[in-house]
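In what follows, chain A forms one complex with chain B and a second complex with chain C.
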Partner chain A sequence: MKIALLGFGTVGQKVAKILESRKNFYENKYGFSPEIVLVEDSNSQGYHTNGLNPKKLLERKEEKGDVGSGRKLDLNDVEFDVLVECTPTNLEDGEPGLSNILQSLELGRDVVTSNKGPLAIAWEELKQTSSKNDSILRYEATVGGAMPTINLAKDSLAGNKIKQIRGILNGTCNYILSRMRGGGLPYDHVLSEAQDLGIAEADPSYDVEGIDTALKIVILANSLLDFNVKYSDVDVTGITGITSEALDLANEENRVIKLIGKVNGDKLEVGPKMIPKNHPLAVKGTLNVASLKTDLAGEITITGKGAGASETASSIISDLISINRVRNFR
Partner chain B sequence: MINTLNLELKDIPGQLEKALGGFSKHDANILSVVHHREDKTPRGTVPVEVKVDVGEVVIEKIIEDLRSRDVEIVKVGEENLSRSFMVILIGHVVHSDIRDTINKIDDTGLAEVKDLSLKMPGINKESTARLFIKADGESGVKKTINLIKDIAKEKELKVITEMDV
Partner chain C sequence: MKIALLGFGTVGQKVAKILESRKNFYENKYGFSPEIVLVEDSNSQGYHTNGLNPKKLLERKEEKGDVGSGRKLDLNDVEFDVLVECTPTNLEDGEPGLSNILQSLELGRDVVTSNKGPLAIAWEELKQTSSKNDSILRYEATVGGAMPTINLAKDSLAGNKIKQIRGILNGTCNYILSRMRGGGLPYDHVLSEAQDLGIAEADPSYDVEGIDTALKIVILANSLLDFNVKYSDVDVTGITGITSEALDLANEENRVIKLIGKVNGDKLEVGPKMIPKNHPLAVKGTLNVASLKTDLAGEITITGKGAGASETASSIISDLISINRVRNFR
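Let's look at the complex of A and B:
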């Protein structure tokens, strides 16, 4: 499988690293032999038709901060089988991810992405382009990091109708609320602690305002419930302004407060909710959890690490191996 | 729609069967029958409470039928299964007139605030309130929550509801 890897940040680098270090394991176990032929970061490109050396790429990125000299090649000029799209999420227009993905699908090449922007902004267009060109689009890494939410619903629960989806899909918010409750600490204090630990960004609004959760809810609603919705269709409330007293008052009634994303009927909602302490969704720390209500299998709940380079890479690689099973690339 | 019919039957054999015949004739789904033998009325009749799930038209027919069978009907009432739920409000809950907030909920006639807990960490700091509310049925709960959200928007309060409410 010839891979074009666009976006060489923490996730892209992790994917390259794992593909290199598990080369024999993947070849022996899955008959999966990936080669990265093109790599691109925000200002440089590396290309070799017979595959680049991931070790050297990672070293160069570390030493010089780039992966090659300049950016001359377009996806049209490159011979590849699958695009791995790991550029950062852009909420405005989904770029550059959206154009990268569309171009690849139009060329009849399959795509694996961890980028939420394009899926949340242009779902219909991506879906149609993919089916028109018989190219596969997989995006497990966009929701819940390592948690196999989308593929669980599409593969393992195939044949079911999904009635409702609820979950905690943002580890930063869950860390803040868990820590406030555990220590009786004020919001601002816990937020700055989370920033020091690298759990929250310097500008935390994307997480704490519920935007990230809402994007994931849009992706789940579109891909698993055949909706055609956008970010603006979600009723979003974040966790800013939540007091430790609120957590205390909930606790007195054996409830915890969690930022819950929910698709129910035709309603999409993200907001802080009270749930019983012993509820399956009441997971702590940075954990994510998702619960799918189905008509045949009943309610299925999964939990796991929602973020992190190796967790996200795990989902990307599993999507790549799935594509390899279908296409039998050599 | 769930209706409760309170009947009084003579304390002689066959009376319950006679009364229930008035329900089965109209294919009414009887949810429960409670026979209060221990609470005989001063007249010596036995109170019986029957809960049925039927439409409005059918209930009228049942009442007519029961009367023709000489069954004493004491009370007919549509039941409102009341539900209690919890809401947390954060912000200047007291200064934005908590009494007015409670009155607005109570005045709907659909719901009633049963309990209020308040935490005020300091002067000029935002306070947090937990309200226990009893509302009539699912639709009462939904309407009350929408009302609370409107009030919260107007008074710049943050609302936290229960996940399944």
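Let's look at the complex of A and C:
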């Protein structure tokens, strides 16, 4: 499998590193032999038709900050089988991810992405382009990091109709709320602590205002419930208004406050909710959780780490192995 | 897809019922059009090369207690694509399931089963027969009912190495322990209550002595960790010695007692364990839970209903859809 890897930040680098370090394991276990033929970061490009050397790429990126000299090739001119798209999420227009993904799908190439923007902005177009060109689009890494929610629902629960989705889909918010409760600390204090620990961004609004959770709810609703919704269809409240007093009050009633994303009927919602302490959704720290209400299998709940380079790479690589399995059978 | 359905008890009947009732849904969503060509229960057989009518089959089974007149055909003489094996688990020699499954695999036909016996008894032989004949063997329904543990690990977490498995894999035991704790009731009382409710069998030893959990641990170890172990390799203790006093004592320390199955290093173990009340494994009632420690994705925990005809059928049908997806691509 020849891979074009667009985006070479922490996630892209981790993907390259893992594919290299467990080459033999994947080859022996799945007959999966990926070769990265193209790598691109924001200002440079590396290409070799027989595959680049991931070790050298990673070294060059660390030493020089680039992956090659300039950007010369368009995807049209590259021989590849699967695009791995891990450029940063852009909420304005989804670019450059959206164009990269559409172009690959139109070329009949499969795509694996960790980029939420294109999916949240242009779901219908992506779905149709993928179906028209018989290209596979997989995006497990966009929701819940390592927690395989989308593939769980689409593959392992394929016989079911999914009725409702609820979850904690942002580790930063969950860390802040867990820590405020555990330490009796005010929001601002915990936020700056989280920023020091690298759990929250310098500009935390994307997480704490519920935007990230809402994007994930949009992706889940579109892909698992056949909706056709956008970010603007979600009723969003973040956690910035939650006080430690509110958490104390909840605690007195054996409850916790969590930022819950939810699809119920045709309503999409993100907001702080009180839930019983021993409820399956009441996971702590940076953990994520998703609960799928199904018609045959009842309620299935999955918990795992919602973020991190290894965790995101795990989802991307599992998607690649799945594509390899399907295409090999052809 | 032409299906031979062996075993027409609660699970087999549920599979037939669901395949019939959501025919259009599966056809539209997955291009999955199953036809049951052969049905067999313990003393009768129904066959039609163009597919039997599930409604009539279910009616006949209810009215006459059979599915046809006698048993005439061997699998060798039947045109089918996939065997669905739901005869009862037999721990002595795995029969008749084992022979049914082996025969189908040798014929190059795919198999989906809910029958733990053959897998726990003859894993290596099944694995080799399946690989030699390029037949697919799927068995999600053998572990955790609706909770898709095996496919989660094999597909959605394919990029990972699984390091450790722990879980509550028997709903009967979990119900008894939860109820003893909640009601301060003695074991015998709760057991007979569970028998009245249909949660425990008349002879409960298979569940309460940990045998069922041990079989599931064997299946998970063999299929997810590439072990080659048998039931006799598991160190098994059941829950019959647990008193409500022990549960009270645990409760005072904010702990619960649960029957945990575990694969750690090369050690396989089933036994009652104390775990913190708010631990992800501390699920209540008849729920099952499995926790997979992975190298890239960290710990992934899944919770769901561990038993029930719909739940088991959900796993069988999801396996069928998966096979349909793979074979269609050929």
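Basically, the second predicted complex is superposed on the first by the 328 of 330 C-alpha atoms of A that agree within 3 Å, B and C clash if a C-alpha of one lies under 4 Å from a C-alpha of the other, contacts with A are read in each partner's own complex, and residues count from 1 in each chain.
Just so we're on the same page, a residue touches a chain if its C-beta (ideal position, glycine included) is under 8 Å from a C-beta of that chain, and two chains touch if they have at least 3 such contacts.
Note that the structure is predicted; figures quoted are calculated from it, not measured.
Contacts of A:Ile257 after superposition: chain B is touched, whereas chain C is not reached.
Within the superposed three-chain model, A:Ala297 lies in touch with chain C and out of touch with chain B [touch as defined at top].
When the shared chain is aligned, no partner comes close enough to touch A:His48: not chain B, not chain C. The partner of chain A that touches more of its residues, comparing chain B with chain C, is C.
Touch criterion met: A:Leu249 reaches chain B, while chain C stays clear of it. Residues common to the contacts of chain A with chain B and with chain C across the two structures: none. Contact residues of chain C toward chain A in the complex are 18, 25-26, 30, 140, 145-148, 151-152, 155-161, 277-278, 280, 282-284, 294, 296-305, 308, 310-311, 313-318, 320-322, 325-327, 329-330.
Residue ranges of chain B in contact with chain A, taken from their complex: 86, 88, 90-91, 117, 119, 121, 126-130, 158, 160-163. Against chain B, in their complex, chain A makes its touches with residues 166, 237, 241-243, 245-246, 248-250, 252-253, 255, 257-258, 260, 262, 271-275, 279, 281.
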